[in-house]
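Order as written gives the chain letters A, B, C, D, E and F; numbering starts at 1 within each chain.
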Amino acid sequence: MNLLKDFKNPVLARKLSAAIAETVGDRPFSIMEVCGGQTHTIYKYRLREMLPPNLRLVSGPGCPVCVTPIEYIDKAVFLALEKGASIYTFGDLVRVPGTMMSLEKAQAEGADVQPVYSPFQSLQAAKANPERHVVFLGIGFETTLPGVGLVIREAQRSGVENFSVLLSAKRVPPVLDALLSSGKAEIDGFITPGHVTSIIGTKAYDALCETYRVPMVVGGFEPLDLLGAVHLLAGELAGGGTRNLNAYSRASSKEGNVKAQQVMEEVFEEKDDELRGLGVIPKAGYGIRESFAEFDADRRFDIVTNSREPKGCICGEILCGIKAPEDCPLFGAICTPDAPVGSCMVSNEGACNAAYLFRD
Amino acid sequence: MNEKIILGHGSGGRMTRDLVRDVFCRHLGDFGPQSMDDGAVLPCEKGELVFTTDSYVVSPLEFPGGDIGTLAVCGTVNDLAVMGARPLWLSLGVILEAGLEIDALERIVKSIAAKAREAGVKIVCGDTKVVEKGKGDGIFINTAGIGVLEHPLTPETIEPGDQIIVSGTVGDHGMALLTLRKGFPLKSDLKSDCAPLNGMISQCLDEAGVKWMRDATRGGVATILNELSEGRPWGVLLEENDIPLSDAVAGVSELLGLDPLYSANEGKVIFVVPRHQAENALKGLKKSAYGKKAAVIGLIVDDFPGKTVLHTQMGTLRTLGILASDPLPRIC
Amino acid sequence: MRSMCLAVPIKVVEVLEGQMAIGEQMGVQVEFSTALLGAVQLGDYVLVHTGIAIETLDEADAQETLSIWNELNSTLGS
Amino acid sequence: MNEKIILGHGSGGRMTRDLVRDVFCRHLGDFGPQSMDDGAVLPCEKGELVFTTDSYVVSPLEFPGGDIGTLAVCGTVNDLAVMGARPLWLSLGVILEAGLEIDALERIVKSIAAKAREAGVKIVCGDTKVVEKGKGDGIFINTAGIGVLEHPLTPETIEPGDQIIVSGTVGDHGMALLTLRKGFPLKSDLKSDCAPLNGMISQCLDEAGVKWMRDATRGGVATILNELSEGRPWGVLLEENDIPLSDAVAGVSELLGLDPLYSANEGKVIFVVPRHQAENALKGLKKSAYGKKAAVIGLIVDDFPGKTVLHTQMGTLRTLGILASDPLPRIC
Amino acid sequence: MRSMCLAVPIKVVEVLEGQMAIGEQMGVQVEFSTALLGAVQLGDYVLVHTGIAIETLDEADAQETLSIWNELNSTLGS
Amino acid sequence: MNLLKDFKNPVLARKLSAAIAETVGDRPFSIMEVCGGQTHTIYKYRLREMLPPNLRLVSGPGCPVCVTPIEYIDKAVFLALEKGASIYTFGDLVRVPGTMMSLEKAQAEGADVQPVYSPFQSLQAAKANPERHVVFLGIGFETTLPGVGLVIREAQRSGVENFSVLLSAKRVPPVLDALLSSGKAEIDGFITPGHVTSIIGTKAYDALCETYRVPMVVGGFEPLDLLGAVHLLAGELAGGGTRNLNAYSRASSKEGNVKAQQVMEEVFEEKDDELRGLGVIPKAGYGIRESFAEFDADRRFDIVTNSREPKGCICGEILCGIKAPEDCPLFGAICTPDAPVGSCMVSNEGACNAAYLFRD
């Protein structure tokens, strides 16, 4: 079997689509796909076309680039231009506008900015260039964090002195908790993020389902994964169920990846943290533990920023599922992927970017 | 404008186009290019010439399937050929960075000679400059090309029902270069598809009433088809399942989350031919080693005027837009 | 280039020293860390995210999922 | 060869020539340039075309008397004109370094437009690339040019007694750029002489039987005359006292110990004309603003076959050789 | 570029702060140090080597030298 | 008057030429022009053509580039490539081959090598780029040394910490002494170097004239200066005189430039030193005094070289006036300005370079 192609099978897709329509009937429901990667797949394959019009898919706060505060970009630019650090980063971050400039523009000012596929590349670069200080931009949710933790642990183990991580790590369950407790977004069910769940396990959502009486289904990232998740959710919604289900069981379990959890526990500690547009959320983030302080760019450098959020951007409300990209007056006119105003327009996983790229 | 040039201005996407329009075309006015075509048709006393230019700044200089010299010949030969011209003469301007190995330079020049021979063009003039180390990147090459116009294209006759043909697998050059990025833990047998296509094209022109063609370089198939459809009273509809794709390109695309339709090709042409000629066109293309995997990938449709739309493998329809730019390495 | 939520099933083709392995996906080889998994076996499918395997994939489970969906046509019109 | 490219390879002196011969010409063989001329004569169906290319890598980008854009148009227009062609079309390939100010780019493009207008040529195709900061130097420009051959030169008819004419003062461009070097404590009103000379040249061609002409760019008058005399059965004899020299060029030359005969010009042409036509040629040149200081500076002689010899102001004779290279800034 | 033994007569056109001056030679101005000379006057000729004046030139002496040489034709055939 | 043009007057030149011929008659004499700048003028204006064939002009050891040992180049290359120093230098040095490579080739390996007109430019560069160490290549005879001394003094006065000088400073009188005492070169009279004499004064040659009973005349650098010097020497030679005369009195005096001598005395101290091809000569060089040790690149850096002189080069004998460039079997065939073997082929003031450049 081909685990990629088989989950794009259009015949099965049509079956799932029909089953979903039959299940929900004509009652209106809103489902939030939490993860930006899921949003990307939904737009890329136009999956909304395969759902009945009364079943609304709403993009959630799970795009790591989108929820990273603008101050983070300003810090990275500062480290690159003022401290002469080499910045290693996932490509998505390069074009996100900071208060003064993006990393791409910093590059044009002479900054050394290297897009990478893996955080390991940044540590290798630090070892290969002992005369430079390498900063890895460690942003992401629980999917990405264990890898960043591995690299920090390895840096300490091998005594690398010219390496640090500028961390902006977020946790999905507290964010969903805040979303649900605010009561602002009217969401009937959640497609929880498959790869985050591979790490943290489905058990992480049990309390949320119970507290807020809302069904959740773990969804993968192929078209069938998402349709399958919607199908299970539809069953719950139709029957008034509030279970915590798993439509991505080939890659995620109840307990999650215990080794990964241990690495996170060893290197990071929970903290209250700000998500862009959502404000400070209790326990929504991670910091680097004291025992690895030497690899914390925030501790290591005196970083000075003067950050301002762009005017008029409604990324925050979009991330909460309150508004859609098309509701933003800047969308497509002033804010485009060429000249993005907010972070949601930059990443391929951002709702505004996906809505613009795949617009009609 | 008080902005500065950033990498995106050279991406081949919209930022490049805007820069050319707002800076070059605006100030050059009557003395500048009268169209955004890659080559210019020049009135000659008898017949018409086509004249084109491209600079090549690829990194690394050498890669599986070719090198910057291969690119510099093929790119310009293909630009002439897709204008309907028979490529005849190239100029060759090189900017060398102090510190370049002469051995490497020799290999590159040999590639240039080999590809010129294969394409049947002569490099008739040249220029060499050297810049300080740190002021260049090994070697930059400019080639300008002159050809004789033999088969003027007729995009104005394009109509719904006309077929879209691609001459082979899509995205190879861009994905091959991506896997070479320093420190990227990827390996594949991917090779650049860089090739001189004038022979293949002329065989196709002999067999089919080609109305329009273009080499799908920076920006890939999606960008080139957008250029075709933009402002037209008809649209382009592509069939995702019919687009030839090598396994390795598909694999790299999945691994890095990229769309091969936006990945550069250096040996692929998109053709628009009348429906009844499509079979002949394919037959003509397949006579060439470079056209063995040619396929019809879509057609001109009444719906979606001005747009390029993809019929996805899931059976849904998705508009293919133009990307702004990529934070990717220089690939041509 | 998207890397943030992207994780791709990779078949293990070589196990290396130091908790590393090489996997393959459609003719492309990728070197990745297995530090977050237990021992990996040749032929295993693993989910690789940013060069790090985050989970072993359960092929049987995938097969089962697909066939459940395939069964839907017995209860619905095709 | 296991050596590396060094700055000298781009000096325009012998090292450049050797590199072109040993690397480019050798490997290109039949597919490469058939002569070391700056432009190529191309058979056209009716009449002949001239095609030429040059890359411009000057530093600083802007200088008194012009900028890299001015140079890029004038240099290629002049290369066509001195081949006896009427320049018609230019291509324009730019390689921009990330970090370049768009304002500066606009100024340069305006210069390009202005000089194209003055020269009466059209820039008919172009290309834009951007490289990372630190991989370029602001902007590099390549122009290729096409002209129609109207006045084929006849160097084979050159004979003792023919006169050598220069169209004005010597060495201005090179010395002007030298005084701009960062940290050099020199100031002068020196300006580059950069200008499109096709108008002036055609006026001279109308008046005099020009047998040979060349623009005296990199390497200066001495180098260009060496190229003329090399391998010939006759020699060139220059009269030092007759060579037009601005005070400032003479001053900088003394201060820095340089010879203005080896300093680059970007608006000066050397002509060989029959003795009885010399007066007409001067009259023709002086009609142009760029030829006001034209002068006969020497003649073809039976003695010193193959050489260029200077009759010094002291009354002695000195051979003018070709310099190997200069540790000087990039000037064109 | 030759700088090693090269020293050129320059006419002082401006005296600056900090033992510096500006001189002129055929329309070219050069800034140089006067630290090795006593006070320089406007109109003085000085010998400038690598941006440093190493001697004040004696114009009268130069004139005399030239006229001595010019006298040679009275004792010799021209 | 124009002090440059008037000393190129061809009418006066012919008068001097005739006077010289008449004075020497048909007796053979050899005259050495000590300075490389004089050699350059002699070749540039072909002054030998203006002298009777029995009056031979021989080039001397006064080309600073030529007498600088190859180890000096190796040190500069080492500082540039191994220590990452920015090298500021007179342009003539850039192409001189070292054992492994020239500075121009080091440049192609990434070295920062900047040709300058004045040593002051190097100090300015050090002030403007405090993150780089700037090394000025201080080579030369007494003409150039006071300026280098001024710059070192100024560096100390203004507390510049990223600046040093790699010194290879030579003194004319001890070199002439060694030449004369060796007895190898058969020289009947010397044209002493005008600009060196501006600094050290004509008195510096008194003892030599007396000891070796050989006439000396200070010569300038314009054609007439040199013909004038030859004219005076011719008189001495014809009459058996051994005086120390001055044909460049407009620019040099008996005492020389006392301020310049003081600067040299303050910053430098005499030492025995090696001249390329001539070996170690007592008191022929200068070192930097202990009080300025911080600006001495030799003291400041641990410089490692492995120098070898090129095979077959006879620069040494040429510098002594024993042989002419054309006597070297490598001249013009293997050794050319494009691919120089010895240092005499590189500098515009080197005898081999002048002989090649202005050859027939």
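Going forward, a residue touches a chain if its C-beta (ideal position, glycine included) is under 8 Å from a C-beta of that chain, and two chains touch if they have at least 3 such contacts.
The UniProt protein names, listed by chain, are A, F = Hydrogenase expression/formation protein HypD; B, D = Hydrogenase isoenzymes formation protein HypE; C, E = Hydrogenase-2 operon protein HybG.
Keep in mind that what you see is a predicted model, and the values were worked out from it rather than measured.
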| item | value |
| --- | --- |
| Least hop count linking chain C to chain D through chains in contact | 2 |
| Of all other chains, the one whose Cα centre sits farthest from chain E | C |
| Higher-contact pair (C-beta pairs counted), B-C versus D-F | D-F |
| Centroid comparison with chain D (C-alpha atoms), farthest chain | C |
| Whole-Å gap separating chain A and chain D, where each centre is the average of the chain's CA atoms | 59 |
| CA centroid of chain B to CA centroid of chain E, Å | 64 |
| Where chain E and chain F are represented by their mean Cα positions, the distance between them in whole Å | 20 |
| Distance between the centres, which are taken as Cα means, of chain F and chain C, whole angstrom | 74 |
| Chain F: positions in contact with at least two other chains | 4, 14, 91, 107-109, 115, 117-118, 120-121, 348 |
| Multi-partner residues of chain E (each touching 2 or more other chains) | 1-3, 6, 8, 25-26, 32, 51 |
| Residue numbers of chain B (touch at least two other chains) | 4-8, 98-99, 132, 134, 185-186, 254, 256-257, 327-328 |
| Pairs of chains, among all present, that meet the touch criterion | A-B, A-C, A-D, B-C, B-D, B-F, D-E, D-F, E-F |
| Interface residues, chain D side, partner chain F - complex | 4-8, 14-15, 18, 183-186, 254, 256-257, 307, 312-319, 321, 323-325, 327-328 |
| Chain E to chain F touching residues, read off their complex | 1-9, 25-26, 32-33, 35-38, 45, 47, 49-52, 54-55, 57-59, 61-63, 65-66, 69-70, 72-73, 75-78 |
| Footprint of chain E on chain F - complex, ascending | 1, 3-4, 6-7, 9, 12, 14-16, 18-19, 22, 35-38, 40, 62-65, 90-92, 115, 117-121, 139-141, 143-144, 146-147, 150, 193, 195, 198-199, 221, 224, 228, 247, 249-252, 257, 259-260, 263, 347-349 |
| Complex contacts: residues of chain D adjacent to chain B | 1-11, 16, 19-20, 23-24, 27-34, 37-40, 42, 44-47, 49, 51-57, 59, 88-89, 91-103, 105-106, 109-110, 112-113, 116-117, 121-132, 134-137, 140, 142, 144, 146, 330 |
| Residues on chain A engaged by chain B in the complex (per definition of touch) | 4, 8, 10, 13-14, 43-47, 49-50, 91, 94-95, 104-105, 107-109, 115-118, 120-121, 124-125, 223, 336-338, 348, 356-360 |
